[in-house]
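In what follows, chain A forms one complex with chain B and a second complex with chain C.
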Partner chain A sequence: MKLYAKYFSMHIKSQMQYKLSFFFTCTGQFLVAFATFLSIHFLFARFDSVGGFTYEEVLICFAVMIMAFSLSELIGRGFDRFPILLGNGGFDRIMVRPRNVVFQVLASQVEFSRLGRFIQAVVVLAFALPRSGIDWTWDKILTLIFMIVCGAFLFFGLFVIYAAFTFFTLEGLEFMNILTDGGREHGRLPFSVYGDGVLKFLTYVVPLALVQYYPLLYLTGRTEDMRYMFVPILALLFLIPCRAFFKLGMRKYKSTGS
Partner chain B sequence: MIRLENISKTFRVRKRNAGFGRALRALFSREYEDIHALRDVSFAVNDGEMVGYIGPNGAGKSTTIKIMCGVLTPDGGACDINGRTPWKHRVAHVRDIGVVFGQRSQLWWDVPVIDSFELIRDIYKTPQAIYKRNLDELTDALELAEILKTPARSLSLGQRMRCEVVASLLHDPKILFLDEPTIGLDAVSKIAVRQFIKRLNAERGTTVLLTTHDMQDIEALTERIILIGKGQILLDGTLETLRQRANINASEMTDGNIATDAEAWVAALYKEYEI
Partner chain C sequence: MIPARGGLRSPYLALFRIRFTHSLQYRAAALAGFATQFAWGFMYILAFIAFYESNPHSFPMTLPQTVSYIWLQQAFMSFFFIWFYDNSIFSAVESGEIAYELARPMDLYARWFSQTSANRLAAGALRCLPLLVVAIVIPAPFRLVLPTEGTRILLFFASMFLAMGVVVSLTMLVYISAFSTINSMGTRIVVGVAADFLAGGYLPIPFFPDVLRFAVELSPFGAMQNMPLRIFSGHLYGEAMMQGLALQVFWLFALLLIGRILMKRALRRVVVQGG
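Presenting the complex of A and B:
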């Protein structure tokens, strides 16, 4: 952990060498997320509810997903940029260091410009929380935290899978973006609005709905079942196959890499 | 002590053919080609030895180094370095080795070199006293004191390479692998790096294994040379035996024009083995 802090400060020093670029990327990130916010806003200018959810409820949903995604990108960017690490030999250097490989990949990148997106989510959340009509008791607060934290881990797992694929293809696979960027963009609305098939897929295959739709039901009082509160934790099981897949990829690299 | 026995390594490469039609066909049926990067490579290096590992591009030098560093796992054969198998005991093994990849930097581009060094100290958990001693000695020997506060991106190639060497030695490795350490350097830097490696080997008894295309490196540094071509060890001997061997052939080939400088006799050897 101390070592990670060291890496962290190195990244800050590096990125502060390019203050203007950092500022623009941050602003860009903010604006992209803002566009998504506007799309929700205009949607609700015409309709009172979407899939039975109100404006404020959808905004919470949106903010949670953005927050989870930007957190996982802030920390787990090393996996998102893994093809580059593999291509420029950075991974070989990681292999000759006496430290855990996953840790080093994590530490190899910290993307502070994601804070732009994160701030957006904070603002939206601050707007929506008091207006949503939800009585913010401790269990609701805990549910919200579970959604954000477990959501971040889930996106991180997707980055790891993406990275593991590059062991086999040596290039990034854009189709994974359907799940990562796509998950974030479409996650602005509760997944139930996309129909039963999509919801099932996002429940049992890539459990994004476990950190979004189901806990949201509890959060908004649509169900009193306390189990829904802990559903996001269940989504963490997804990290096990992610890790296994990465290990498999590493074994393949060690036998074929160049 | 480094010991390699019958190490072999095959890469499976997908055949890529020219032309659109063939590229299209390759989408459906893949043809593979086996490339034997290493075939039954065996050699041993004693503690404190300095060995030059030479061969043309694509001969398998880097693959051998990567296997010895624990980056790659060979298909067959055994490798024992100070009682450990690199790819099985990676973490324990790499603590004892230093690696310089001449064409790839381990320094942080945008921060002062000294910060990179300190991070490396923390990665290896080197005690502060040892780190301090090494840093002072190394910066002194390589005349780096003035550039420690400079970011790596502002360094000349020669300065950077000297910093790379320092970065690889801060944790007191017993073995140093150098993969083309003098590539692209000017004469002054080359000589500085060479002299330093020589001193390191003499004073600390560090085992050094270096690959290079620069024959002056070899002449200046190593007593012993291992020649590899097409994945096989072709010659393993002292500089003198290799030179003599090359001269015999060179004289046959060039009608008595005996190759004198290193470049020429190595070229003659490459020719002889058709590598």
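Presenting the complex of A and C:
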């Protein structure tokens, strides 16, 4: 942990050397999220609700997913850029060091410009929370925190799977982006909106709905069942197969030789 | 050194061909891209269906029109989205490599224009076909409905051609701005996001609030993906369609002219970076 803190401050320092570039990437992240927000806003100028959810409820969804995603991207960017690490032989160097591999990949990159996206989500959340008509008792606040934090872990797991695929293909696989970027983009609407098939898939196969739809039901008072509050924690089980898959990939790994 | 007549345009065509075949090499990437875009399009359609069901009367297009719009947008993504920049141009300007380009007996504007168009066309050429084929055979309400009249299809292709011209000539302005900014990242990002939003890349323009919709439809952004996609889906027809096409021609020539002038001015005072 102490070592990670050292890496962390090192990354801050190095990225702050290029302040202008950092600022622009940050702004870019903010703007992309803002454009998505605007399109939701325009849609709800026309429609009162979607799938039974109101504007404010959808905004909570949107903000939670973006926060979860940008947090995991900030920390887990090393896995997102894993194809590069494999391609340039950086991973070989990691393997020979006497430290945990996952830790080193994590520490290899911290992407602070993702804060731009995070800030946009904070603004939206600050707008939506008081207007949502939710009575903010401690259990609701806790549910919200569970959604964001467990969501971040879940996205992180998806990045790890993406990285693990690279062991077999040596290239980044674009189709994973439907789960990572797609999870963020389409997660702006509660997953039930997309119909039963999608909801089942996102409950049992890639449990994104566990950090979004089910706790949202409790948050908005659609169910009184306290169990829904802890459903996001269940989603953490997904990290076990992610880790296993990464381990499997590592055993199969042959260096690219460069 | 004046090339023979007929050979006048050939270096740009040759460059176009080289770039095109170069981009066609990435077949596996194209296949993965197809699967991804299919899934994205499918999710967007499901979302629109949900909005449609919540209140069909507020829907500015019919559902099949919206579905066609989304499939075509996914299929021809690389033709229409501004963020699909050619980064080698930016790095050429920023690294000073541009000096070599300027030494060549080629018109830089035309060179960049053909290079960018080729990249876009090649990236789309491989992806669009499988996506369109699948979208045509899947059952309703997800099916891509083909227009029945031949003229509509012809006008769609004409409009797509014009739209791509408008998109590329706008990208040219961003490239040219790199001459005066040294670090073009800011312009790149802001123009990219704003233009793609206004062009209907995040949400089709008919879904915009009325005032904004009116303004955007007259602007160059309305002359981009908005036109061909709505012509194909049958949302634009008759007089409105003809006006739109005329507007596309207007913006294409206006942007080409502006780009040419700005390029000339930028090159007159170009400072080559680095040694």
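One rule holds in what follows: the second predicted complex is superposed on the first by the 253 of 258 C-alpha atoms of A that agree within 3 Å, B and C clash if a C-alpha of one lies under 4 Å from a C-alpha of the other, contacts with A are read in each partner's own complex, and residues count from 1 in each chain.
Assume contacts are C-beta pairs under 8 Å (C-beta built on N, C-alpha and C of every residue); 3 or more make two chains touch, one makes a residue touch a chain.
In this text, all values refer to a predicted model and were calculated from it rather than measured experimentally.
Q: Is A:93 in contact with chain B, with chain C, with both, or with neither (first, second, both, neither)?
A: It touches chain B, and chain C stays clear.
Q: State whether A:174 touches chain B only (first), chain C only (second), both chains, or neither.
A: The second partner, chain C, only.
Q: Between chain B and chain C, point out the one touching more chain A residues.
A: C
Q: In the superposed arrangement, which partner chain does A:3 touch: chain B (first), chain C (second), both, or neither?
A: first
Q: According to the stated criteria, A:14 is in contact with first (chain B), second (chain C), both, or neither; which is it?
A: The first partner, chain B, only.
Q: Quick one: is A:194 in contact with chain B, with chain C, with both, or with neither? Answer first, second, both or neither.
A: second
Q: Please identify the positions on chain A that touch both chain B and chain C, taking each partner from its own complex.
A: Chain A residues touching both partners: none found.
Q: For the complex, give me every residue of chain A touching chain C.
A: Counting only chain A, the residues touching chain C are 20-21, 24-25, 27-28, 31-32, 34-36, 38-39, 42-43, 45-51, 171, 173-175, 177-178, 182, 185-186, 189, 193-195, 198.
Q: If you look only at chain C, which of its residues touch chain A in the complex?
A: Its residues touching chain A are 28-29, 32-33, 35-36, 39-40, 43, 46-47, 50-51, 54-55, 58-60, 183, 185-186, 189-190, 192-194, 196-197, 202-203, 207-209.
Q: Provide the residue numbers of chain A that touch chain B in the complex, in ascending order.
A: For this pair, the touching residues of chain A are 2-3, 6-7, 10, 13-14, 17-18, 88-90, 92-93, 95-99, 254-258.
Q: Okay, in this complex, where on chain B does chain A touch?
A: Touching chain A: residues 11-12, 63, 66, 69-73, 75, 87, 90-92, 94-95, 97, 99, 101, 103-104, 106, 108-111, 115, 118-119, 122-124, 151 of chain B.
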